Each structure stands twice: as C-alpha cells, then as structure tokens.
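Following are the structures in question.
Each of the two complexes below includes subunit A, the first together with subunit B, the second together with subunit C.
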Partner chain A sequence: MLKAKQYKSGVKPIWCPGCGHYSVLNAITKAFAALEQPPEQAVLVSGIGCSSRLPAYVNSYGFHGVHGRALPLATGLKVARPDLNVIALGGDGDGFSIGGNHFLHACRRNVDLVYVVMDNEVYGMTKGQASPTTPEHWQHSKLTPHGPEVRPFQPCALALAAGAGFIARGHSGDPNGLAQMLFAAVKHPGFAFVQVLSQCVTFCPEQVQWKEQVHAESVCTDNPAEAAHFLHSDDGFAKGIFYCNPRTPWPQPHDSQATDLREGFRL
Partner chain B sequence: MTTALYEDELLFLAHSVTLEQEAAERLYELADTLEVHNNRPLHTLFLELAQLSERHASDVLAHCQGRQLPALQAWEYSWPDAESPESFQYSQVHYLMSAEQALQVALEVEQNTLGFYSDVARRTTQPSLRQLAEGFAREESEHVKAVQARLQALQCPALNNLDLDPPHSPE
Partner chain C sequence: MRNLTIAMTGSGGTGVVALGEMLLRAAAGSGYYGILRKTFGPQIRGGESAAVVRLGPRPLASFCGEIDLLLVLDWSHFQRFADEIPLSASTLIIEDTAAGVRPPQLASELLAREQGVQVLDFSGLAQAQGSAHSNIALLGYVAAWLGCDGEPLQSAIDHRLHKQGAEVVALAHNVARVGADLLQQAPINLQPPDVGTAAEAPWLASGNQLAGLGALEAGIRFVAAYPITPASDALEWMAGRIESLGGRLVQAEDELAAVNMAIGAGFGGVPAMTATSGPGLALMSEAMGLAVASETPLVVLDVMRGGPSTGIPTKSEQSDFNLAVYGLHGDAPRVVLASLSLADCHFSVAWATQLASERQTLVLVLSDQFLGQSMQVLPPLPALPFQAELSRASLPPPAGADYFRYLDTDSGISPMALPGQPGGEYTADGLEHSQSAVPSARAQDHEQQLAKRQRKLQSLVASVQWGEVSALPQARILILCWGSLFPVTLEAQQRLQERGTPVTVVGVRLLAPLPLESLLRSMQGMAQVLLVEQNHQAQFGHYLQSHLTQAQRAGLPELTCYSRPGPRLFTPQEIMQQVEGLPRA
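So, the complex of A and B:
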C-alpha cells in the first residue's frame, strides 16, 4: 500500500508559487492512496494549459494530449482498456471552450471515467485572457478591457443537462475534502465530473479570497430536477457532491461495437 | 473537531504524526517550487524549515513506537481547519516572497499547532493524553520562540504581504 507522497513522480511542478493546482495534485495522490490504486493501472489524460501539466507530476501512466482533446483521448483509452482507471483533467479553457463539445458528449456518452476541471476562470498559460468561466465584468485583460461582457458558463448545470451521472465541485483550499470527492468520483460507475475552483494567483490574485467565499453544501440528490433547481440558484461557490445518479456506463463488457474496436486496435 | 480526538490517545498520536509529516512535505514542496522560480534565498529557507519539521516528525514518531496507530484517510482527520494546522497554505506563497514573509507564515502555522495541542490538553479527561498533549505544546512553544527569534534577527520594517509585481501581459 503506497502513501500519498509515493504517487508523486518526483518531477518538480513549474506552476507559479501559490497556484491552486498544487492542491489538486495533492488531492489526487491522497485519493489514489485511499483507493490503494496500483500506479500501473491508472492513467491521467490531459489537454493543454497550466493544469494539463499535472500528469507529469503523478507516478502513474499519463498522456499530455492536444488542446481540448483530453476527453476523446480518455474515452478511446477506456474503451480499449476498460481495466484501467482513467482520469481526464485540464482547465476551464481547455475543457469548456476548445473542448466544449467533447465535454457535452462525454457527459451524454457516460463512459466510466472521471473528468477533473481545474477552473481558475482564465487562460493562465497564455498570460491571462478571459475564458468561458470568466466573470462578465472582469477587466484585467487588455483583450477584454470592459470585461468579456457575456455570461460565464455554468459547468455543473451544463453537465447535468448533458447527462452526467456524478457532478461535484471542490476547492483547492480543501485538498482533503477534494480527495474524498475524487475517491467518490472514481467509485462512481460512469462519467463523473468534478469542477475544482483552483486559484490563479498570477492573473486573478483576487481569487485568493475564494477561501472566504466557498461554502459546503450537503445537497446530494439523485433527482435531476432537484439538482437543476439547486445548480441554477447556486452562487458558484457551493462545494460538495451535488448529483449522483448512476446509470449503466457505455460500453458494457460485451458490447459488440466496443469489442470490435478493441480487436481493431489490439497491439 | 471530533470529541474522540480528546479521549483517544492513539487517535491523537495519529493526528500528531500526520500534522508534522504533512508540514515537512509541504515545506519541501514549496522549497522545490521556489527553486524552480529561481528564488534561491527562499528555497534555502524552506529547505531549512522542512528539515526542522522532519526532525519534529521523528520526535513525535518516537512516542508511537510499539503502538498501532489507526489508519485514517486524508478526510478522516479532525483538524480545526481544512488542512492540518502546521501546513503552509499554497495561497500564502508567491514567487517574490521574502524571508520575512515566509517566517511570518511559519510563525502563524507554529502558533496554530501550539493552539491545537493546547486545546487537546485543556479538553481531555484522560491524564496520560493530557500529559502527552502538554508535552507537545511545550515543544511547539519552543518552535514558536525559535521562529520569533529568527524574525527579530532580520530587523525588518513592517511588511506588505502582497505580490506587487504585475503579471506580464503582452497583448
């Protein structure tokens, strides 16, 4: 049985000091320790962005893919190797803009994998432009001097509408609570979506205040109407598991389409 | 915090070991981060603090020899806050951080830990647990004094704890 720190690869992260992603890395390693996850049976798949560097820092298999394509990669991998624990991850730009369409269809398709989005409401790697979750009046980018002037995405509500069976939100200020959430997400049969409010101290230093704004909510339901009501009246800072309604994942073990795919891609 | 912590010596020891080990791990991690960002003085300071924390963890482990501590998941610990009290929070650090700022945070987390042990010592009804917690609290008060002495030695003016360097935004 490995300890959490033994799931770290030894590669030193290059995230800015103060970045929330360190905490997500810690939460993932703590969840792996709790799951007694064999490193060789786990794969972290990412897209592009600061957060997408995370697979390099974990002692498991990893695939640093192309922008917005973490979910198609992860889906293909899980269909080909259903025995593996597949976790896709990335940021809000990667997941909801470049990869937005993949997000919707991954929720709908319900492949048994976890998708972690480290949401800092900004494109950090490219120096601080507005992303799909940036607040309407955020005026700190010269590209959008009056703010994006469009309403931000509501990722959890979108996930619910698109058919995700597990929807949760965590905060980087609480890596232990986030580890518990990730543990539950991995155990969930089917697609599990976890949004993590993860501060960017460089381009959005005001996000350090998130720790004062987040509030835990015990509202987990299997009723989509109740979940929709909660998510549409939510202030964006509630944390917890909001919706858990397992349905049969795709593909099933003897699904002929998946079996054909596996045979076709056998190495 | 759960009341079991105030009555169960093994549970208390499990918390104490994790508290010290997580503090050391976090400090090593921050030392790495600041090395990557070329803040050499802070890298060295965090390494020193990490080594001290590691020694404290060994001291606490010495109290546990021959005893089977409960195995807890990360979220099963009963901390006063989201994380163990001696861990630097990630958001307390930035790349231009000075030694003074780092020592101020070090002082804060040592005081948090002193408060944690003192609280257990005050609330427990178990004499052996009270003695143990009081002993740990005494050690922590020495750590607090040591950090205060280092801060005083710096003789610096009042601090602004913000990263005032604006991000580079070329667009």
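So, the complex of A and C:
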C-alpha cells in the first residue's frame, strides 16, 4: 500500500507558486492512496495547457497528448484496455473550447472514465487569454481588450444536458474534499465529470478570493430535472457531487461467434 | 484470350451498381475472371451512377480504354461521366425502352455508328412479372449471353437479395428468367469473352474489404473512425468482424477523435488503426505527429479521392501523396506505403500493421477509390507472415532498474512498456522529451530524439517488399508508377511487348522512407524512365527528383513525368502513347 506522496513522480512541476493545480495534484495522489491504486494500472491522459502537465508529476502511466484531445485519447485507451483506471484531465480551454465537441460526446458515450477539468477561467500557458468560462466582461487580455463579450459556459449544466451520469464540482482550496470526490468519481461506473475551481494567481489574481466564495452543498440527486434546476440556479461556487445516476457504461460485449474472416470472399 | 468490357449506366436508384455486382458474381461462378468498378455522382438517389465490368479467362486487375457493350437503363445524366465511359464506333449499345431521351450529342453520333442501338423492353418484362426492377431483367439477359444464367446467376441474386426475404428473391429469379429468355428472340451481336478454367475456387472482393482483411489478420484489434467516402466500406467490413476477434470498432464524433482514440489504444498495446480519405487525413495531421513524437504504433489507411477540399468524393485520384509524405509539422519521419492492386490492399495493410508495432510509429497506407471500391475475381490470397503482436519491441523493464522509455538505441527502437507492467510507468509525450520521457526543451535532447526517430525507419529502405519489379530482358525503357497505377501499367507493358517494345515496370510500394538505391538499380541500363501518376502536380515525381544528387542525375537516364488528375482512369493505351512519345535515346 502506497502513501499519497509515493504517487508523486519527483518531476518538478512547471506551475507558478500559488497555482491551484498543486492542490489538484495532491488530491489525485490522496485519492490514489485511498483507492490503493496500483501505479501501473492507472493512466492519466491530458491535452495541452498548464494543468495538462500533471501526468508527468504522478507515479503512474500517463499520456500528454495534443491540445483538446485528452478525452478521445482516454476513450481509445479505456475501450481497448478496460482493465486500466483511466483518468483524463486538463484545463477549461482544452476541455471546453478546442475539445468541446469531445466533451459532449464523452458525456453521451459514457465510457467508464473520470474527467477532471481544472477550471481557472483563463488560458494560462499562452499568457492569459479568455477561455469559454471567462466572465463576459473580463478585460485583462490584450487579445480581447473589451472582454470576451460572450457569456461563459456552465460546464456542469452542459455535462448534464449531454448525458453525464456523475457531475461534481470541487475547489483547489480543499484538496481533502476533492480527493473524496475523485474517489467517488473513480468508483462511479461510467463517465464521471469533475469540475475543479483551481485558481490562476498569475493572470486572475482575483481568484484567490474563491476560497471565500465557495460553499458546500449536499444536493446530490439522481433526478436530472432536479439537478438541472439546481445547476441553473447555482452561482457557480457551489461545491459537491450534484448528480449521480449510474447507467451501464459503454461498451458492453456483444454476442459474437468466431468468424472465418475469409469465408465471405469465397464464391 | 479475349477480354470484354461491359458498362452499365443509370441514375442512382435504378440499380446499375447492383446489376454490375450480380453480373460479376454470376460470371465468376461460371469460370470467368473479372473486375468491376463503380462510378457515382454525389447523390444517393437520382444522380448518375455507372458500373463497368471487364470479364475474361484470366485474372484482370485493370481496365482498358474500350467499352464493348453499353447497357443503358437511364440516359439522364449520362453526359456527366461520358469521359469516364468512352464509347467508340464499335461499342454495342443496348437500351431499355424506359431509358429516356438520348443525350443530344450522342444521338447524332449514334446514327453514324456501325453497331447501332438495340432497344429492348426490360422494364416491360419486369412489369409483366409484377416487378419494377428492369435491372434484373437486363441481368438475366446478359447472363444468358455469357452462359451463366443457371445456378451461378441464381446464387448471385440470392447473395444480393436474401436479406429482403424469400418473396423478393423468388420474384427476382422470375424476372431474371424472362430476361434470359429474351436472348433467343433478340441475340446480342457480339461474341462473349473467353471463359476461364479456374482450377482453384476464386475469391470475389473489393480492395477496401481486402484492406480490412489484412488489418485484422495482422492483428489490428482496435479501430476508430468517422464515416467518409470512399473509406467507409473498409470500416463497415471490419465492424462486422472485429468483435469476434475480441476487438472493438468505435464510430468517433470526428476524425480528430478517431485518430486520437486509435493512438490511445496503441499506447495501451492494442494494435490500432483508423481509415479515412483526404479531408479526414488533413484533420488527423496534428495527431499523426503525436504518434510519431510519442512513438506510438498507429496505422492510417487513406482511401484517396479527388481533392483538394471536398473535391470529388466519389472518384479516384492519387493526390494525397504530398499530405501523406510531407504533411506533418516538424521533422516527423513516418512510413508511407501504397497499395499496388486490389490484392495488395491486403498485403500493404498487413505489412503496415506489423511495421507500426515493430517500429512504434505512424504507418500510412495510400489506397484510392478505384482500389477500394472496385471488386475483383481473384485467386485466393495467401496467408501473410505479418503479425503486430509478435514483433512488438515491448520489453518489461528489469525490476529495480531505471527504465528509459525513449532510450537512444542503435536501432532507434526503444523498449516500450505497456500500462499494467509494474516498473515501466512513464508519460508518453508529444512534448520533446529526454530518454527518460521527461519533457525537455534542451537542444541535445531534441537532436538525439529526432535522430533516433529517423534512424529506426532507415533500415526499411532495404526491405524486399519496397516495390514490385516486372522486368523484361531487352527493355531500355522503365515505367515507374506507384499505388493503383501498377496494374494498368503492367497491362501497358504487355501490349507494348506485343508491339515489339519491351519495357520494364516498377510499382513502388514503399513511398517513405524512399528506397532510393533500389530505384536507382532499376534504372540502370535504361535509356528512358517514364513516371506515371494520377495527380495534377506530379507529386511523386518531384519527391523522387528531390532525393537525387546532381551527380546521380547526371548518371541517370532521362526522366519524364506524365501526371494528370482523376477521375478518368488511366488506360493502357494512354500509357503506351506516352511511351511512344518519349524522345528517342
């Protein structure tokens, strides 16, 4: 049985001091310890961005792929190797902008994966541009000096509409709570989505105030109408497991008899 | 040895492609060899469609320029592919009474023909049996002429229609019977092709199906793809079979997802592929670079169609060469193979499957609409020695030892641990990395990894499978081609020899890395080299020339490139004309 810190690879993160992602890394290693996760049976799959650097920092298998494609990479791996514990992760730009289509289809497809999005409402690695979750009037990017001028996505509501069976939101200021949430997400059969409010102290220093704004909610339901009502009246700072409605993961084996591949060609 | 070519035209929905398929199957059942190609407009129903069947006593892998017999169910839209079905004064035309108005230009030409037009009432015959399927009446008529209207025709009809129920099949048998009976009153004024004496029971297959067979036999157990013409039928063939082998096919949300899913599976140690066509290949380019950089086995089958952009989705062209060979960002060595015939779709994809695993990299296979969607009667294909799993260089790291996933070895191939192996934990990365798989932006690591990824492919240029050489002893002219132009070039070679001009033909299967030494060897002693390919920019020609040093050029015979785009198929006559037009040495 490994302790949480034994799940760290020893590679030094590239993150800024004070970055929320350190806490997410801690939460993942704590969850692994609680799960008694054999390191060789876990694979962390990521896209591109600050948060997507995380797999290299964990003592498990990992795949740091291309921008926006963590979910299809993880999907292929899990479908081909159902014995593995596959966790996809990345940031809000990676997951909701360039990878947005895959997010919808991963929710719908319900492969037994966990998807952790470290949401800091900004593109950090490219130095502070607006993402799909950036507030409408955030004017700190030279690329959009008047602000994005469009309303941000609500990732949890989107996940519900697209068919995710497990929807939760955590906060990097509470790594223990997040670790418990990740534990539950791994145990959930099917696709589990965890949004983590993970502050970017460099480009959005105001996010350090999030620790004052988040509030725990015990509203977990298996009723999609109730979950929708909650998520649409939510201020974006509720944390907890909002929705848990397991359905049979895809794929399930079909009855298929041994086939002579060449038979159909013979006249 | 008399071959014969029959074209069938109608609008989409009249069943000319079904007619062609059933005719080929019935003929094959009676000892003919043959090949069928399909040409469609983009519409599902109501557009133009045509099938061309060539029959003869020996295996046929290509088409010639002549159409001996044209069967017309519907003249509308015929002009749209008139240049793909060139009629001559000797083409015999048989049309249905309901075929509609003849194309005006054609009508005047037809008046002057030696062969005339035979108008027969296939739709009336079908209607009298209570059927709307004039194509089946026509099928029976032509099958009777070929002498295959007995059991072979019945079984071809059963094969095509059995899913529609016994009533439909029985009606089709009746309609075919009355069609066959019509031959007595209205004989076809043309001698049928010679029939073969096939000793072994031949196969009937499309190139796309044979590509799927090669993939599954060589060990592909994961496929992810997005539907696209003309690759979808390769995927559909595999979808019905891969699960019985313990594998899985996933229909992805787009090509970006498809290729990344295949990479994920490959990383997990399951031999994986995707299949697509030009637009999809363009979308996959970024992730194909990931397979190269992360050294993940990946097979990509590109069934080429007319491009650029949406281009001509339903018709053939060899114009994705540049994308396949050059199309990734950065220095990204990859293997590119080309299928040299329908049968070679099997071989090339199976070889690709082994190479991807053995070399831990991206292997592209270029097929095209002609190879993919044509169907051929061919001798049974041999089992191949290619196996993805056996050749994988995956070594469990010794316990307690440091494991370097991207170790700089002599061969360039590093031990590849698979998830589940304790002690092998690493993060595969598209970021440049050190030997130990830690991201690195250091010049030394970059140079080392670039060189290693290049090195692991170099030995391939010595593969005996690099290409096919058909040499004639007195030849002073070499015709060089790649991919689907090989069979038609072989036919040109045969016809040239009959005319007293022996040529040697080389079909290149390994496009990258380029087997330059083998190619130079084949050029030795030649006075002329003619390179033929089916694209507008002589893509392979430029690539080949870019590999030659000035000194090599000086010592080489003159190189002439003849390239033109699709969708017109290359004919032996066209290639012969190019040979005859070469400057005399």
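Definition applied: the second predicted complex is superposed on the first by the 252 of 267 C-alpha atoms of A that agree within 3 Å, B and C clash if a C-alpha of one lies under 4 Å from a C-alpha of the other, contacts with A are read in each partner's own complex, and residues count from 1 in each chain.
We adopt the following convention: a contact is a pair of C-beta atoms (placed from the backbone, for glycine too) under 8 Å apart; a residue touches a chain by one contact, two chains touch by 3 or more.
From a predicted model like this one, the values you see are computed outputs, not experimental measurements.
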{"item": "Which of subunit B and subunit C A:Tyr22 touches, first, second, both or neither", "value": "first"}
{"item": "Touched partner set for A:Asn120, first subunit B, second subunit C, both or neither", "value": "neither"}
{"item": "Partner chain(s) touched by A:Pro175 [first = subunit B, second = subunit C, both, neither]", "value": "first"}
{"item": "In the superposition, subunit B vs subunit C on subunit A residues touched", "value": "C"}
{"item": "Touching both subunit B and subunit C, residues of subunit A", "value": "none"}
{"item": "Complex contact set, residues of subunit A against subunit C", "value": "9, 11, 38-41, 43-45, 53, 55-56, 59-66, 68-69, 71-81, 83-84, 101-102, 104-105, 251, 253-254, 256-259, 261-262, 264-267"}
{"item": "Sites on subunit C touched by subunit A in the complex", "value": "25, 28-29, 201-205, 209, 213, 216-217, 221-222, 224, 241, 243-245, 248, 250, 252-254, 256-258, 260-265, 267-270, 272, 286-287, 289-290, 294, 377, 380, 419-431, 437-439"}
{"item": "Residues of subunit B that touch subunit A when the two form their complex", "value": "25, 29-30, 32-37, 39, 73-75, 77, 79, 82-83, 89-95, 97, 162-163, 167-171"}
{"item": "Subunit B-touching residues of subunit A, taken from the complex the two chains share", "value": "4-5, 12-20, 22-23, 30-31, 33-34, 127-129, 141-143, 172-177, 179-180, 183, 199, 201-203, 205, 208, 211"}
